Amino acid sequence: MTLTRRALLRGTAAATVGLAGLGAAGCSGLAPGRSATGSLDYWNLFGGGDGIRMTQMLDGFRAANPGIALSAVTLSWGNPYYTKLALATLGDKPPDVAVAHLTRMKTLVSSDLLEELRPADLARHGITADKFTARAWQAGLVDGRAYAIPIDTHPFVMFYNTDICGKAGLLDSSGALTPLDTPEKFTDAMRRAKEASGGYGGVVSINNDTSTPWRIFQSLYSQLGGETLADEGRQVVIDDAKATQVLTFLQSLTSGGLFPAGIDYQGAVATFANGQAGFYFEGEWEISTFQTAKMPFSMTLFPNLYGGSKYAVQADSHTLVIPRQPDQNQDQIDRSLLLIRSMLDQSKTWAEGGHVPTWLPFRDSPEYQAMTPQSNYAAAADGAVYDPDGWYSGSGSNFEIVTGSAIATVLAGQQSPADALAQMRRQLRNLSTTASPI
Amino acid sequence: MTDLAQRAEFRVKLFNRICFGVLIAFALLWLVPLAWALDTALKPNAETTRTTWAIADPTLDAFGRVLRDTDILTWLGSSLFIATLSAAGTVLVASLAAYALSRMRFRYRNVVFWIVLAGIMIPGQVLIVPWFREFDALGLLNTYWAVSLPQIPTAIAVFIFKQFFDGLPRELEEVARVDGAGYLRIYRRIIMPLARPAVAAVAIFTFVTSWNDLLWPLLVLSNPDNMTVPVGLATVQGSFGIRYADTMAGAILGAIPLVAVFLMFQRHIVEGIAGSGLKG
Amino acid sequence: MTTETVVRPRPATEDGPAPERRRGSGLPALGFLAPFLVLYLAFIIGPTLYGLVMSFFDTSLVKPGLSGFAGFGNYTEALQSSDFWSSLWHTVWFTILTTPPLILLAFVFALLADRARQGRWFFRLAFFAPFILPSAVVALIWIFIYTPGLGLIETGLVKIGITSPNWLGDPNWAMPSLAFTTIWWTLGFNFVLYLAGLQEIPRDLYEASAMDGASPWQQIRKITIPMLGRTTTLVAVLQVIASLKVFDQMYIMTQGGPNFATRSILEYVYDEAFTNFRVGYAAAVSMLFFLVVLMVSAVWFALVRRQEKEV
């Protein structure tokens, strides 16, 4: 009995080795290399509604290019995605095209992991700088060279329940929200919405979420002109006075009962969707959730409480990049750019997910202008404030985790603004004084 | 039987019954997660949001979707190749070394023995950082070799074989030696056929350990084309989203090969653990 | 499995009978040892030394070579870093949460199974089957079981009127949840070890004590537990060392969160080396981790040595 089993094991081993040897040429695991020509590997981090829309757009590409075998992989959002992308590129087997947040892309460039996008190649596919929102395009340049093509700007926005706001007398004659351009008007609006809703005035995600607290803080803080990092992350330049002003204001919303103080991401979504709050503050991508819930809502720019004439709001952009590969050839680059151009051409589908298009041919078209509520906050792209440069910064990075958790404690009423600021400073200093590995 | 003895015997029987009952309860409890996973995998995705055991609409669609839309079959192939390579390599390499340590006299035998012993102390997890640089320099990142090669020189395997060889009587070899057989012939014809229990234990353990390894393969296999099953499942879990039936189907498909191995080689696995445990 | 030794009369030779007086078998030994030693030096000893060297430099993942010399800088940074100590603490906390249940429960179940006359295969299957599953499978199944809103446990608790926490999302419950999953996953191994140990205990010891009027509980205390001393030591040490090396569950189920509340020391190494590209620093942390493992192993050696002396 055991003899047969051992023979089986040995035989399987021999057979597998033999088969593998025969298939070595086509077997990608025995030696590093690239996929067969005429194929395209694409990595993204879009789940949920974004994922569905991306799949739609990829199917559109496939329909238009039947000769190209496109294989798309979705990886988990945040650090795991960028770690995998870096490791794959170091291992000489990256995807041909990948999604990267604009704020994380710079680190990839400094680590020499991305292919430069040459103007000649881009022009061949009709991709030129003048066809993009200036701010997004400029923010993506490194030493004047392009490494990423922005496909959207996704800013922090304000959702509002039209029924509740109507009852609270916050809508004007055309049914749009009256501008809330001072902290007093804002707080007053929240109070009236709280009465009208019977629950809360507004809601924002606080628990187990470091991105959202950072975003709401950053929006108000940059309206005041404040900055957090300088010299590519080597210096912490937080303006205590401005930061305290914003944190105190934010804490007053939860401590005053206008906002719930201990709610997580899904809870916040549910609270707004169920009509228990008049306002909801988050990135625009949640539009699909509320459309599916068939609730009466609209969206507009995050309020300009402190900015005056210079509007600012936290945002990031999704971009498409081409990771560096050994023996990169022109055909491969052209195929990759074909995919990129196709994504830009399908900006309408992407904008339906709430994102602000950066592709001007679509953004300036009447089609987009007619899309409500998406076109309501298009101006956010021009006032977009990206996370500061730094090897540890960017969407989902340690920078956001450090700042976001400190801000969350203020929102949750667990810490005073002064203590939270001290915590933030201390942890950021740890990061800023660490020698950059890139 | 006396009344006292009868009552004592009844007490013991009752105690045994209670023990049995408690154990059955726990064993059934232990099976719940796997049963629940299977139950969920047989539902359509829409039904999975209702947390009940009853399946209104049983279907194998989830499995079909996973097989079609993910690279799980490729992953299974990769895992099989790597695990087999590691198992065969370890058995071969460790038994050869163990034979030398057990049967041959040479000047530095003790030194070699202690060097190998030291290896047991070094957990692979400590080496992931230098391994990455090393395989990067060798140009072997993203290959099966990078996963298998570090798994093969396992000090424990050498010790298991050595312990086994030490226990074999020397007469057979001496007879063969007098007949003019060299070490290699003795190893192949006499020692190894006798070493089947050790071979089975080492092969199966290496196979299972290699299959289940996550940390190092996660680092070195970053392209879904050549990921192993654990790495693939861990990496693309994001793409399942809220399709719980699909997620559970993926998990079950990933588990099947090893469950099959377990059912086939149960006795060996259990004996291997028990044996190694008692020897301490 | 018995071996049949065929003994043939040995012909006399002038060389004399004793094989021990032959020359040392240096060259064949080298041949037999070479495959193992080459791989061993290349992939175990070599990298250990390389890691040690790297820990003294500011090596980066995305830059070639060793980069700038850092002396003991990486070590002092690690020892002063709250992230390092908290990830070490998380690992210790995880060990504390998992080791006692994994020893006690395995022991109790093995005791119960030992008494069972039939159906032992069923218990072995039920408890041991999870052990051979890859961590990714275990993680996916338990992520689903812990999902807020439709997880199995939450639904069960709600039925009896208890609100359940967000198992993986609440910083206070994340580690216990991971521990619970780990207990389900790995109990089978200890169970099998204990079962084997129990079956080695001679039955007549029990019979003799029963005749002296000992109750089952006394038997367990006076006979079973002492005789399983070595098994328990083995189980405990293997358990502790395995817990120190925990990574998979954290990586897949919580990514070290929420807010790093479950980040283990190995996950810290992973984050620093491969997300932050700081390979030299990560090598230093790995060395410190190695020291901890060595210390635990040293304790084990000392314990085993003492137990062997007692026998």
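Letters A, B and C name the chains as they come in the text, with residue numbers starting at 1 for each one.
FYI, a contact is a pair of C-beta atoms (placed from the backbone, for glycine too) under 8 Å apart; a residue touches a chain by one contact, two chains touch by 3 or more.
Just so you know, these numbers come straight off a predicted model, no measurement behind them.
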Chain pair with the greatest number of C-beta contact pairs: B-C
Centroid comparison with subunit B (C-alpha atoms), farthest chain: A
Whole-Å separation of chain centres (CA-atom averages), subunit A against subunit C: 39
Chain centre separation in whole Å, for subunit C relative to subunit B (CA means): 14
Overlap residues in subunit A, where contacts from two or more other chains coincide: 2, 76, 80, 87, 90
Junction residues of subunit B - those touching two or more other chains: 196-197, 219, 237
Interface hub residues of subunit C, defined as touching at least two other chains: 1, 61, 274, 279
Partner subunit C, residues of subunit B touching it in the complex: 12, 15-16, 19-20, 22-23, 26-28, 30-34, 36-37, 40, 48-51, 92-94, 96-97, 99-101, 104-107, 109, 112, 115-116, 118-119, 121-123, 125-134, 149-150, 152-153, 155, 158, 168-169, 171-172, 174-175, 177-178, 182-184, 187, 194, 196-197, 208, 211-212, 214-215, 218-219, 229-234, 237, 244, 247-248, 250-252, 254-255, 258-259, 261-262, 266, 269-270, 273-274, 277-278, 280
In the complex, subunit C residues that touch subunit B: 1, 3, 5-8, 10-11, 13, 19-20, 24-26, 28-30, 32-33, 35-37, 39-40, 42-48, 50-51, 54, 59, 61, 109, 111-113, 115-116, 122-130, 132-137, 139-145, 147, 149-152, 155, 184, 187, 189, 192-193, 195-197, 200, 216, 230-231, 234-235, 241, 245, 247-248, 251-252, 266, 269-270, 273-274, 279, 282-283, 286-287, 289-290, 293-294, 297, 304
Subunit C contact footprint on subunit A (complex, rising order): 2, 76, 78-80, 82-83, 86-87, 90, 111-113, 207-208, 210, 264, 266, 391-392, 398, 401, 405, 430, 434-435, 437-438
Complex interface listing, subunit C residues touching subunit A: 1, 58, 60-63, 68, 77, 81, 148, 166, 169-171, 255, 257-260, 271, 274-279
Subunit B - residues contacting subunit A, complex: 78, 80-81, 84-85, 87-88, 136, 139-145, 196-197, 199-200, 203, 219-220, 222-226, 235-239, 241-242, 264-265
